[in-house]
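Next up is a structure, given as structure tokens.
The chains carry the letters A, B, C and D, assigned in the order they are written, with residues numbered from 1 in each.
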Amino acid sequence: MRIGVLTAGGDCPGLNAVIRSVVHRAVVDRDDEVIGFEDGFKGLLEGRHRELDLNSVSGILARGGTILGSARLERDRLREACDNSEELMGRLGIDALIPIGGEGTLTAATMLSEAGLPVVGVPKTIDNDISATDRTFGFDTAVGVATEAMDRLKTTAESHQRVMVVEVMGRHAGWIALEAGMAGGAHGICLPERPFEIDDLCKMVEERFSRGKKFAVICVAEGARPAEGSMEYAKGEIDQYGHERFVGIGNRLATEMERRLGKEARPVILGHVQRGGTPTAYDRVLATRFGWHAVEAAHRGDFGMMTALRGTDIVMTPLADATRELKTVPQDRMDETEAVF
Amino acid sequence: MRIGVLTAGGDCPGLNAVIRSVVHRAVVDRDDEVIGFEDGFKGLLEGRHRELDLNSVSGILARGGTILGSARLERDRLREACDNSEELMGRLGIDALIPIGGEGTLTAATMLSEAGLPVVGVPKTIDNDISATDRTFGFDTAVGVATEAMDRLKTTAESHQRVMVVEVMGRHAGWIALEAGMAGGAHGICLPERPFEIDDLCKMVEERFSRGKKFAVICVAEGARPAEGSMEYAKGEIDQYGHERFVGIGNRLATEMERRLGKEARPVILGHVQRGGTPTAYDRVLATRFGWHAVEAAHRGDFGMMTALRGTDIVMTPLADATRELKTVPQDRMDETEAVF
Amino acid sequence: MRIGVLTAGGDCPGLNAVIRSVVHRAVVDRDDEVIGFEDGFKGLLEGRHRELDLNSVSGILARGGTILGSARLERDRLREACDNSEELMGRLGIDALIPIGGEGTLTAATMLSEAGLPVVGVPKTIDNDISATDRTFGFDTAVGVATEAMDRLKTTAESHQRVMVVEVMGRHAGWIALEAGMAGGAHGICLPERPFEIDDLCKMVEERFSRGKKFAVICVAEGARPAEGSMEYAKGEIDQYGHERFVGIGNRLATEMERRLGKEARPVILGHVQRGGTPTAYDRVLATRFGWHAVEAAHRGDFGMMTALRGTDIVMTPLADATRELKTVPQDRMDETEAVF
Amino acid sequence: MRIGVLTAGGDCPGLNAVIRSVVHRAVVDRDDEVIGFEDGFKGLLEGRHRELDLNSVSGILARGGTILGSARLERDRLREACDNSEELMGRLGIDALIPIGGEGTLTAATMLSEAGLPVVGVPKTIDNDISATDRTFGFDTAVGVATEAMDRLKTTAESHQRVMVVEVMGRHAGWIALEAGMAGGAHGICLPERPFEIDDLCKMVEERFSRGKKFAVICVAEGARPAEGSMEYAKGEIDQYGHERFVGIGNRLATEMERRLGKEARPVILGHVQRGGTPTAYDRVLATRFGWHAVEAAHRGDFGMMTALRGTDIVMTPLADATRELKTVPQDRMDETEAVF
């Protein structure tokens, strides 16, 4: 069998682990050929690929990034290719395609699959917001990085009697904020799923100070928003190029809490450190299993499907289902901690 | 409600996180009283306890060990206490008991429960070998520590063209060896679940050397055993006190492989570093959720049960089921990597 | 002997290690009494202190922050106290005072010493910019945190063909940027000590892209500045409260490089994570040695001095010398890497 | 200029950082050619080498091990080569040789230098026992790994009221034990430099238990020895092959303390994890500076010398001096902590 593999979308710890696993399973155990397309779907359409053997994937298991690169592709070019899918298949010369990527990638994968290509998807996102899988690799690493940061910030907050506002990733789903907040012992957690009242946050801080705990750490997802009318948005942060760069919710919330509480509040925007670098053991295992099962699915002819974690098992689930709706934090998970506002 | 909590058995990262979570949920949200028994069931029988309020659990979320201590108790003393369970209950003055522990502890908890005590168990073991829960806290930390060690050892093995044999914990179940082996990219993994042929391991190493990869890392569970006749056991390692200390499978396997292969082989016995210290974010979240749900179960009167992870949910499962049989690595998990021997 | 100890100024990993070491040396070995003043000089003047025995410092060696707290004090109040130094000494009832702190603290310590108080200083700053000592504790931890972040960002930059601009601490001295930049393999390093030409930075990036290395990581100290005329400063970032919050050099540089290069550039502002949390082994050892030698100096009557690292030795150096001028990165250290711009 | 570089002796975090730095300085800044000999002096004599350009050293700064490999060479073969040094020089075709290694390597380097080869040495050893340099790279990483292990073991020791005996590297010099012991807060530290009385260790443990601290952590260098008559050595640990494998001082001390104290004592032998894997930021900076200065020395014709750290400066020091005697822990460093026995 000749299997093509590609990575698309943002960086995510574990991408290389999937690639390595696909090669190990396919080449060593199954006697397949594996080729890797460069820069995601772009390389696929442009025919840029290289053969992947055992040596090509040696030493990459623990390495961040992707040896295949990743780039954005306009949806139109892909649609066009789908319209000529037979020509594309002929040109690619592969029996199965394993695209590894997030929501956008899986949507593209679905298009290709519906156009007749033999696709087995592997989901990835540090945000953990893909339906149909209990977890995605990259998420555990992101939570780990954010938690370590909160551990560090807590002692500073305590020594200096400050409020620390830590902004973590999560535009539409608050999984990282929820789990890093719980693991880091945040006193307040703000999620995109539930608009927060800044008054409640301030009351919590004041209650802490009044019983002698003169500090607080707030973990806020970048997509979290104050409830209507709860917080006057800082105005005028439009930069010279006309967009609102660099003044996200973390900065705003710190500014606003400092103003209201009359206590020092400092923002920390963790940013990209959450999405790169060496994956945790958990993410390496999950990524490795996904790669293995993707090859098996290809051999079974299980196309139009994607790998998913269900409990402790890896199962196959329809590609289309996976992207139908975002997996957000449900109410019962929020209930499990008094820190969610 | 007045809730008693205790920790028993070996150290396990996340114990303090459970205690803290029980106190947060019970005291803050539920207006309960929580008392902590010292040194496990020993302190329970001896009436050694202290009240746990918010201050007692401040700052312990990320700390290893257990603020309540842990000690072994002879089963007979416990049995005796069960025979007088009414007297015991009167003396304890609690409405619910939350013991946090491994197989032994949960068996003891079952005894107490059957004797009529209102028990809600919380399972813990770094070995991940308790049935009825997908994972236990402590396991992720153990795998993380072992994986980091393997990352370090790999470069040494490679630079010096050596075989490294890393012995990890797991007397009866090979979960740590399996996952740390996969995450650390071990070339060979030996589990208690499947006797290994030392010839096969040697063949794998020779095959690697012959294709230019002049090193290998073997991850072996402490409970792994060679197949009958596969490896003459080193003899005479009985120490002066008459027991076989310090010469476990890791040391033996390294000695034997060096002798057979004529290549340097070095053992590394990770030992206790796997079971102590700060828990990973994953383990902190799991431990925190277990604590929260244990309090809820107590309030619902859901006794004789224990918290368990099923997929992404925390559910309650009968205590007795949990310890009926050990959860070992099933065949299909071994099949997912070519490294298991 | 009765020794007073206090911590002042910003958080710095290793503060607790000094306190612990003072107590160990003084109480255990020397049979002294040690009292700790709360919230720095503020607690000193207000007489807020508590006795520190072995138990008070148990388990704090690896903990970030300071168990004594830290707060800012108006210089005037201190000056006033110096004018009545005899009254102050009588009130304090101590034979030696060990203030642990940065430039501001050591200046205050010099004032107190000149007013006749028996002061032995211990320097601390994550910025490593205090003259007269080769290194200060906290610096190694800060560099370690920044380096780990750069390790993570590098793979993301590479996978996505981006420029990453990492802003690290260092308002007046570029030690963190220099060492984290070298350790993290930054392609460009910008220091407060040398105004940089943005053209040169852009040229370097373009040269990298042109030889196939389609990414770059820039490590910039928060106090770094473009050479006169080299970079039009972004305008209009004044926030609603009238100050230039949240738009430091990191954000500006990323914006400007993206504009000039036509390539994606992303800023990451590491911020407070660099100054808190558990200290590295190096910082723990240095802090412990400082504490030990401060007690010895007190016993020798070596007042008006401060501990300092010279080579591998801890020596005593006049307090006044230490703060006379800032220790900045000298030319020959910049020459040691081609990455400094 | 044509510069040869090689790595010899045991693994040591930072080797790759030196190689990278040599290439960066020589190729980028100086327009030199650099060739790397494989497997240390063995590859040198056998003429196995490859050119090293910017691409060859891309991404290796943070990687453990050595891309050039390392192997032992019989001293006789080297001596022979020295007798024909002109022939050797002709064959090598290099203008300078930069061997990176420990005591053995530097002795060999001295031989080559005395035979007329243009040698600039770079010292490396995780043991930090080379005279003439304040520190060697690799040491900080080793201490860091050992300290993290002690952090983990401490909580286990405390929860289970145990004595933990941690054996760290250091056959002839106790630097790792001293610094990891101080950083990890060991209650006892045993060094090769000073025979210890096991009675004193036991007394310390008993004193701790009697004041309620029911645990202890002992950090023992592998080369530490009990004072004459202080501890009956365990007998009969000779294994089937006639050597005393696997029963070092750590195991013995734990066995003996358990016997004497009647308390559980457990050994942990850290072993090879201390000498491999990614280097700390400190070690990366030191290694990078060493590489840079070695190239400069070569250009100045400063042969027969080796790079060394003195205070904050890198200086050149005669190769022969460096290996004249081992740098052991001096009395005044032992005096700085009450924990050394």
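The rule we apply is simple: contacts are C-beta pairs under 8 Å (C-beta built on N, C-alpha and C of every residue); 3 or more make two chains touch, one makes a residue touch a chain.
Predicted, not measured: the structure shown is a model, and the values here were computed from it.
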- request: Considering only mean CA positions as chain centres, point out the chain farthest from chain A.
  value: D
- prompt: If you tally the C-beta contacts, which comes out ahead, B-D or A-B?
  reply: B-D
Message: Taking the mean of the C-alpha atoms as each chain's centre, how many Å separate chain A from chain D?
response: 40
Rounded Å distance, chain A centre to chain B centre (Cα mean): 29
- prompt: So, what's the distance in Å between the C-alpha centres of chain D and chain B?
  reply: 34
- prompt: Which chain A residues reach two or more other chains?
  reply: 151
- line: The residues of chain D that touch chain C in their complex are 24-25, 28-29, 58, 61-62, 134-135, 140, 143-144, 146-147, 151, 179-180, 182-185, 213, 280-282, 284-285, 288-289, 292-293, 310-312, 314, 336-338
- prompt: Hey, which residues of chain A end up touching chain C in the complex?
  reply: 7, 10-11, 15, 63-66, 69-71, 145, 148-149, 151-161, 164, 234-241, 245-247, 251, 255, 259, 266-273, 275-278
